[in-house]
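Chain IDs A, B and C follow the sequence of writing; residue 1 opens each chain.
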Amino acid sequence: MTEDLDQYIRLAEALIFASAEPTTQRALTALLPEDVDADTILRELQKRSEGRGIELVQVGLGWQFRTAPDLAGRLTRTISRPRRLPRVAMETLAIIAWHQPVTRAQIEEIRGASLSQATLDALLEASLIKSAGHRDVPGRPALWATTPGFLAQFGLNSLSDLPKRADLVLETVAPITAASTIPAD
Amino acid sequence: MTTESPDSLILSLEGFEGPLDLLLDLARAQKVDLARISILALVEQYLAVIEGAARIRLELAADWLVMAAWLTWLKSRLLLPAEDPEAAEAGQSAELLAARLAELERMRAAAAWLSARPLLGIDVFPRGAPEEHTATDRSRLVADLPALLRAYVEAVRRGTARVTYQPRQLSFWTVQDAIKRLTATLGSMPGWTTLERFFPALSGQEHRAALASTLLASLELARNGQIRLRQDSPFSPILVASPRDP
Amino acid sequence: MTEDLDQYIRLAEALIFASAEPTTQRALTALLPEDVDADTILRELQKRSEGRGIELVQVGLGWQFRTAPDLAGRLTRTISRPRRLPRVAMETLAIIAWHQPVTRAQIEEIRGASLSQATLDALLEASLIKSAGHRDVPGRPALWATTPGFLAQFGLNSLSDLPKRADLVLETVAPITAASTIPAD
């Protein structure tokens, strides 16, 4: 009988191991001879698994092997998968960088589109921008500026490392002084 | 290979993958090492099977008949005296046939060896409910300075494009422009006309600039005798007329 | 040290157990302290798994727990059973395994029968074979070879685990190349 018991424990182990879903006591009973009690087998298997890297646990209506909790932490590999800022967030950040301190209304004016709270929140959460007081006009709108984290993210020593706006935006912000009679180039 | 009934013969032929398959089966029936089988006996058995099959099924597949034709040739040469060069050639061909049969036999054994292995997913099973111990850290950002610059330029460009920016019409004239305008419109101006009427209504600095260049232009034209100029008193309007006008 | 060794064995067990795919020795090495030999741990774990319902096997790309082969008959009643490959496919697979890289024409010559698209598709679909470049002869026929999945499927560590062709049957090995005097079909 002991030898048989060993066989049944092996069978239960293999069944629980290979099953995609937790193995119910009923499924195990169906696999065992009538005179063998599934519960006994499971208890014995559980006892034998003690101190191993995996343990037999009851999940819902069935049984499943799981990694021992004290090892799970050591097994966890952290994969760094950097995210990309959405275009709207990137543009908003750029406007804040070059125009800071700047109000939301000003950002909207420059982009020619309304700015969602979600975009501001995303930039705040990424520690790229911070509030920088209020503009002293009616409504006292919040002013936004970049953080040291912004400098770190973009590998800048200071904001003066950013190219001048005039060097960036050439044709659209052309000076108005040039006479229309003079050919552009 | 027995030939008790034509039907069983057809069935047994169809059970073979091809002529080589049948030949291997016939060779095995000789119950000797494949390297020492009697090719001649094999050929005769094959031809007997094909002949029996052909009697009842003329549309027998071409490759069976091609093999039969080749084996008939082989048999005729194998029957020649050993010293005949054609017999030697046939001997080589027979060896090659034996070698092919041996290789097919080996690959059968190989397939059987593979089939006897405990097969994953059929005999043995991997973990049914794998655990995921990989955490994903998405806190870092992919964003570099060039991307930031591009974003700024795009934002500004799109922002200004939306307002449909149009540069202010500028009215600073050069003297050359004033000369052109004066000569072009002089004919249509009857009599003495004030200088201001030779450029559109402007204000402030633009008016003064236009007046200055038009005055210079009128002096130039008057010097050449193309127009006449007159000012009745200091700071009164300067009048222009065509030389033909009285 | 023994206690530590036990810990490392538990860790290895948990790591390999957690994954449905074979675990590479490299992955285990990365998890262990520098002075601990992954191979020693694996051998010890393999020894401890002996006689259990699941066993540790080395297959192609790494190590994997699998149910013990002797339980197959009783487990397959419970766990769904994919169809076995037909004889033609098994023979074709054997020819590719032992003769790789090999062209379709060579396979057909050895089997003395044409290779059906269905057979090729079945082997490809089961991820057992892959194309492996072209033979540098007129027509540049594709060459076929087995995949790592082939090793995993048949529980092989490497292709050298396959028995030698000469050992498969007792006949003297004759070259098959000159057999072209026989019409292929």
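Definition applied: a residue touches a chain if its C-beta (ideal position, glycine included) is under 8 Å from a C-beta of that chain, and two chains touch if they have at least 3 such contacts.
Computed from a predicted structure; not experimentally measured.
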Inset, instruction - Pick the chain whose C-alpha centre of mass, unweighted, sits closest to the average of all protein C-alpha coordinates shown. - result: B
Legend entry - Dominant chain pairing [most C-beta pairs in contact]: B-C
Inset, instruction - Could you put a whole-Å number on the gap between the CA centroids of chain B and chain C? - result: 34
Legend entry - Sequence positions of chain C contacting 2 or more other chains: 15, 17-18, 65, 67-68, 75, 79
Inset, instruction - Could you list which residues of chain B touch at least two other chains? - result: 125-128, 131, 133
Legend entry - Contacting residues of chain A [partner chain B, same complex]: 14, 17-22, 64, 66-67, 72, 75-85, 87, 90-95, 97-98, 109-113, 126, 153-156, 163, 168-169, 172-174, 176, 179-181
Inset, instruction - State the interface residues of chain B toward chain A in the complex, per the touch definition above. - result: 125-129, 131, 133-138, 140-145, 147-149, 151-163, 165, 167-170, 172-174, 177
Inset, instruction - Please name which positions on chain B make contact with chain C in the complex. - result: 17-21, 23, 33-35, 62-63, 66-67, 70, 93, 95-100, 102-111, 113-115, 117-128, 130-133
Legend entry - Parts of chain A lying in touch with chain C, wherever the complex brings them together: 9-15, 17-19, 27, 30-31, 51-54, 65, 67-68, 71-72, 74-75
